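When the chains are written out, they are named A, B and C in that same order, and each has its own residue count from 1.
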Amino acid sequence: MDLLVIYIGLLGSFALAISGSLTAMEKKFDIFGVVTIAFVTAVGGGTLRDVLLSERSVFWFEEVNYLYVILIGTLLAIVFRKRLSKASKALFLFDTLGLGLYTITGVQIGLEYELNHINCMILGTITGSFGGVLRDILVNEVPVIFKKEIYATVCIAGGGLYLILYYQGVPDPYLQICSALFIIIIRIIVVYFKISLPSIYSNDS
Amino acid sequence: MDLLVIYIGLLGSFALAISGSLTAMEKKFDIFGVVTIAFVTAVGGGTLRDVLLSERSVFWFEEVNYLYVILIGTLLAIVFRKRLSKASKALFLFDTLGLGLYTITGVQIGLEYELNHINCMILGTITGSFGGVLRDILVNEVPVIFKKEIYATVCIAGGGLYLILYYQGVPDPYLQICSALFIIIIRIIVVYFKISLPSIYSNDS
Amino acid sequence: MDLLVIYIGLLGSFALAISGSLTAMEKKFDIFGVVTIAFVTAVGGGTLRDVLLSERSVFWFEEVNYLYVILIGTLLAIVFRKRLSKASKALFLFDTLGLGLYTITGVQIGLEYELNHINCMILGTITGSFGGVLRDILVNEVPVIFKKEIYATVCIAGGGLYLILYYQGVPDPYLQICSALFIIIIRIIVVYFKISLPSIYSNDS
């Protein structure tokens, strides 16, 4: 299972690096800026998680393969930048895969550190979504997650499912696979049917 | 005293969560965005303090009641969003209460970790005001603290008073109450009489 | 050598504090805002480095002289703000000195913590350049480093040179002096001849 987590984690970083690169290139950043935004998008969430847990060291200090994967993803995004706008579905899938798994690893690490359940879900959501928030701050935009996307809500739900299954005694690989699949499938449904959170402004003048 | 600190700290989080929610709703964020901004405004300062002190774990990992209070504050802000613009004085008072106490806890924690005096005052100011800075960064505004408000200056002065009283041997509850009251009263005076820092641009062409 | 590092480090903070102050005054921040931006620009990079290395405490908690130097730099920038636009060459030199040395200390600290080579270079670049990124985020601009300046690329190259010399067995003061000088000289050449990174958008329609 651990190897599987690393492989999908690397796949997630790869996709997030591409997504970060494309955002930076839209803003006409130079090559260093593109690499930085790619890096921040891919590792930002996990880094904040590791910084908040004071005993943990940052994950990309321990596992350097993340850096190689991000560099490869960024280079591919630069080379194929014109075509990638047409392959947005593949990108979205990778991105969602990464989101699902990152969220689950965040929840799992929260349990390891004996945080309570709400904090585990917050930690999962931070791990899954904070990279995108940092990306948007660095390119000087209001984070898209606060306005258009509801994926953070999906992360929270997925984290909740993980905790429920965990206390039901579901064994190790199934636990992670079910919760990650839940996040991935719900996100695809939500985006496909353009579901958004109920507006809190609907009855305002 | 410790219980008093927790109660007023929770009250402060409650007020800051409302202030964060109102800011996010002005920007038409979705419900997740509103909750996030509320959370960040309420815990941002204390979180940065705990991250800078490498041996400390994040306070809302230890004391989960902060999370409940923030959620309640956010819900109330959403439900009563139309009326709250009229109750801005009550809000301002809560906010100032929280500011005063957070600053004092920051200074106190700095002393516990044997930081020098300037660092204690910086840590207090960060604890009191950084939540608002993060809120403004996330909604893509120049932090209000740098332009219109002088409360950070008030925090620094309050932190200084705490240190003076501490070395005069003032005992424990009075020490905190005096310094927090000082910050609260000075801030109210400053806002009521619209006092601002002397401009450094006055004699510029 | 250690004393030399501290002296040049203080000189670097001094220059970065002036650069931060000037940026904040252009935006008409009040005096507290100017001090904050100066502080963040001067210590931001080293602080992020120390936070990422979970066992390290923040450097300006340990060595308070940084704070004094930053305050002096900020005061001078405020008093002489009209003349400083004409002395931009002196400023640029100080800034580059600080950049060179900070990058090297970042790489060196990375080696001490037994990070791998890529991570050492990343840590050096973060130490050298993140203060400026934070400054630009706080004044609500797209970080200049991502668009106009190539100094981060110079940092990475200088970090690489440090590692090569280190494994060649170059002894302690020469190792740091050579790598820092390399960064400083290359940056001066790059700015003097207006060299920029090859555009990745050149053949785009």
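Structural remarks
Operating definition for what follows: a residue touches a chain if its C-beta (ideal position, glycine included) is under 8 Å from a C-beta of that chain, and two chains touch if they have at least 3 such contacts.
Given the structure is predicted, the values throughout are model-derived calculations rather than measurements.
In the Cα superposition of chain A onto chain B, the rotation angle, rounded to steps of 5, is 120 degrees. In the contact between chain B and chain C, the residue numbers used by both copies make up under half of all numbers at that interface. Work out the mean CA point of chain B and of chain C, and you get 30 Å between them. Shared contact sites, meaning residues of chain B that touch two or more other chains, fall at 51, 54-55, 137, 140.
Residues 24-25, 27-34, 36-37, 47, 50-51, 54-58, 60-61, 64, 67, 78, 81-82, 137-140 of chain B are the ones that touch chain A when the two sit in their complex.
Touching chain A in their complex are the following residues of chain C: 51-55, 113, 115-116, 118-119, 122, 133, 137, 140-143, 145-148, 150, 152-153, 196-201, 204.
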